[in-house]
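There are structures below to look over.
Look at the two complexes coming up: chain A is in both, with chain B in one and chain C in the other.
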Partner chain A sequence: MSNIAFQRLQREFKEVITNAEIAQTGIRLDTSDDTLTKLKGEIKGPPDSPYEGGTFKLDIIIPDNYPFHPPKVSFETKIWHPNISSQTGTICLDILKDQWAASLTLRTVLLSVQSLLAAPEPSDPQDAVVAKQCLTHPQMFTETARLWAQVCADAPGERNSQLYKKLTQLMDMGVGKESALSALSCNSWDVSKATEHLFS
Partner chain B sequence: MAAVSEVQVTIRRKQANAGRGAPRSVVLRLNEGASRKRPDLASNSTDQASPPTVATVLTAKEQLARQIGEPVEQIRLILAGRVLDDSTTLEALQLGATTTLHAFVCELDDGQPCGQLRSGKLRLRCETCKSDAVLVKEEPSSWNDVLTSKRIRIDCSDCVSDSPAFAEFFFKCVLCGSIAPPLQQVRANTSHAECCVCGEVLNPAINFLCPLSPLHICCLDCFVAYAGCCLEDRRFQLRDGAGYTIGCPMAGCAGMIVDGHHFHLLGDTHYDLYQHQAAEILVLGDGAGVFCPRVGCGAAFFLDAVDDAGAVNGVALCPECGLTFCRECHQETTVKCQCDQSAGRQNNEAVGCSSEVGADGDLMRSLTTIGATCKKCPRCKVPTERNSGCAHLSCRQCGAQWCWLCETLWTDECQWNHWFD
Partner chain C sequence: MALDENATDQPESSTTQATAGSGEAAGPATGPAAGENKDDNSQFECNICLDVARDAVISMCGHLFCWPCLHQWLDTRPTRQVCPVCKSSISREKVIPLYGRGGEQTDPRDKAPPRPQGQRTEPPQFGGFPGFNWGGDGAAGGGGGGAGGVQFSFGIGAFPFTMFASTLNFGVGDRRPGAPAAGTRQHDEEQFISKVFIWIAVLFMVWLLLA
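Showing the complex of A and B:
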């Protein structure tokens, strides 16, 4: 990593740690090694969204020529969102691609990802299945996204008993929590379709 | 023998227009500065009364430089017709009380430019007859006065015509004396603004002349790293009034480098690359140029200039890597391409159709796979795979920003239609 990148990251860390406003918005940044090339981010799901109160972990990889190239940011926590791949956690966000500028910081990135949770853009999808559901069955989308947040990101609140029952039904068959969620969500919560999807 | 403490020096100025100005004489006080400079080398001095010293030609030149106010790099000391080497000790020269040294102050016009970022001396001459025997009628008060022609009137004593004379300004390096382009965007950081990349307050700094804020500045190290990275990524763009350049690193700011000479700061290798890329972009901008579609080659050239055979069968030949490709569709081929008869296949956007053509053999299958998952950059035609879900792509080959859905260069409309909606 270049000197410029190292110097910049040290500065950015101080910014995130000391800024009181950030403690309020629920953003955290941690190192996973001393080289500062792999970082861990964390954002709180924003209020008035299906993700409210959830804790979402992010993988951040700093490229060699940071800050002239954007950091590679993806969700480690599974999430149901039209602009985030439900499979890989890849995020479609303009400032992580061509709209990146060297003056942007990890703080701006985390805040932007957080506001993407509050305002999905289904017309510019990363995950086509989620986006389709978001546009055609908004109610089901909201319930699905909320349940994912509760199951995968410890979001508080009453779980949708109907959906949760279907989930436990699959899990009782020995299917992992995340695979079960994914199979059901991609098949409009049709248990037999989801089972077929999983076992065929 | 007792060392001389003073020596007479005759100083001449050596310039491009040699012979101007009479020589002058100074008395050089040899021991000053020498003792300060090299106390560690003084142990072999036998004379306890005089300050411990090994005076060398270099220390003498340094002293002379202080006395006459000229840079030491420009001073040459000469004795008996020989330019003296810096490391020679004065003792070895056996200077006597009556010896006269000669010094030249060279303005290194005929030498190599030093190639470094240095202060410049503002000089002027008559724009018409190039004489420097001129008087300005008003002082320049801005960069514009200095860089734009016919802004400052002069009285020129050498001009024969009666038409009004104007000043032509130029800059000379204080170190090497070369005439060099001024870097007007390297400025003193008088407002103590933070570098927008690293956050340090450094001086001088690059000013991007931003309409949003005078505080958008970038320290020199960050500028070099930033511009070098943009060059390698082909993120430079042609901009009105500034040529092939880069913008302010702050998000959404229209500031930019307005004079390509600033990219000299990146060093020779990168500056050559800069000029190479700029030439390529101009080739393309002309409409007759193409990019070689081979990933990693990306040479730009004029079609007509390279290949006569191409006129017959529509095949172009890359002068850099030797790839032959179709002039129309930029598909690799050595024979006349069938693209005009198979327009349908070129527009193949169907996903997952490989099973339908499974029986047609490997070639068809792989073509279809490319057709299904790749589209061509609308500018350089390099096949591009969409590696994430959204429609806005940036070409690794030519730097074009383009739209996966419209298959055209990215427009505000695309931004509107496929991004925010």
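Showing the complex of A and C:
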């Protein structure tokens, strides 16, 4: 990593950790190694969204030529959102691609991801299945996204009993929590279809 | 978070060292150096490296950068040259270098990449037409029969009339600068030579018509 990238990351870290205002927005930054190439981010689900109160972890990989090229950001926590892959966590956000600017920081990137959660853009999807559901069955999308946040991101609130019952039904068959969620959500919460999808 | 604290420790420790150093020296000259680490200098930080701008340049949209940082940004995407802050159009030619007092001891242009030069425009000059006054001074200082006086006359027309006009200088008065006044001996001599040439011209044309 170049010197400019390392020095800048140190400054960004200092800003995120020491600034109380940033802590209020529910953004955290963490690192696992001294080289600062692989970082962990954390954002709170924005209010008035299905993700409210959830804690979402993100993987951040800093390229060698940072800040001239954008960092690679993806969700580690599973999330049901039209612009985020429900399988891999890849984010579709213009500032992480061609609209990147060198003056953007990790803080502004995480803020942008947070506002993406509040304002999904199903017309420019990353996950086609989620986007289709978001456009055709908005009510089911909201319920699904909320249950995902509750199950995967510890979001508070009453779980939708109808959906949660179907989930436990699949989990009782020995299916993992996340794959059961994914199979049910992709098959419009039809248990028989989801089972078929999982075991075929 | 333990490693985060390590990351923040480094700049903090350097800050304390800088302040301690200036305290020991107790000189007013070290004041600005210690102040660099304070927040009041943050408005002079480069928008790319977030450090105090070195070899500073400013864009037309008013955003401050280190020239090496901005150069690398422009180099990274040659097809999309936009300001990293406000995304307005930006180019190598349209940034202005900032020269502070006592900042640069060496010429920043010697470094790679070179910082673009400032643009100087000369103030406009007034006082006549500098290209057309030659001859006037020579006539005044020469005194030898208005030797320096050069006169041009331009004309557009059809053949024999143009010849008359240009040869006989119809309608063109004596516009030479510093021409001798009427009544002086020099004026009389010039009039005489002029008449001689007119008669030569008339005879030449008569000969042309007859021949």
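Keep in mind that, in the parts below, the second predicted complex is superposed on the first by the 200 of 200 C-alpha atoms of A that agree within 3 Å, B and C clash if a C-alpha of one lies under 4 Å from a C-alpha of the other, contacts with A are read in each partner's own complex, and residues count from 1 in each chain.
Operating definition for what follows: contacts are C-beta pairs under 8 Å (C-beta built on N, C-alpha and C of every residue); 3 or more make two chains touch, one makes a residue touch a chain.
Model, not experiment: these values are computed from the prediction.
Novice: Once both complexes are superposed via chain A, do chain B and chain C end up clashing or fitting?
Specialist: After superposition on chain A, which the two structures share, chain B runs into chain C.
Novice: For A:F13, using the defined touch cut-off, is the partner it touches chain B, chain C, both, or neither? Pick first, second, both or neither.
Specialist: It touches chain C, and chain B stays clear.
Novice: A:A102 contacts which: chain B (first), chain C (second), both, neither?
Specialist: Both partners.
Novice: With both complexes overlaid on chain A, does A:D172 touch chain B (first), chain C (second), both or neither?
Specialist: neither
Novice: I'd like to know which partner A:E158 touches here: chain B for first, chain C for second, both or neither.
Specialist: In the superposed model, A:E158 contacts neither chain B nor chain C.
Novice: Per the contact definition in the header, classify A:D48: touching chain B only (first), chain C only (second), both, or neither.
Specialist: The answer is neither, since A:D48 touches no partner chain.
Novice: For A:L29, select first, second, both or neither according to whether it touches chain B, chain C, the two together, or no partner.
Specialist: A:L29: touches chain C, not chain B.
Novice: In the superposed model, identify the part of chain C that clashes with chain B, out of 4-12, 22-30, 76-84 or 166-174.
Specialist: The listed stretch with clashing C-alpha atoms is 76-84.
Novice: Both chain B and chain C contact which residues of chain A?
Specialist: 4, 7-8, 11, 65, 67-69, 98, 101-103
Novice: So in the complex, which bits of chain B are touching chain A?
Specialist: Against chain A, chain B makes touches at 196-200, 221-222, 225-226, 229-230, 233, 249-252, 388-392, 394, 401, 418-421.
Novice: Using the touch definition from the top, list the residues of chain C that touch chain A in their complex.
Specialist: Residue positions touching the partner: 1, 3-4, 6-8, 10-12, 47-51, 63, 69, 72-73, 76, 80, 82-85, 87.
Novice: Within their complex, state which residues of chain A touch chain B.
Specialist: Touching chain B: residues 2, 4, 7-8, 11, 65, 67-69, 83, 85, 90, 92, 94-95, 97-99, 101-104, 121, 123-128 of chain A.
Novice: Can you name the residues of chain A that touch chain C in the complex?
Specialist: Counting only chain A, the residues touching chain C are 4, 7-14, 17-18, 29-34, 36, 65, 67-69, 98, 101-103, 105.
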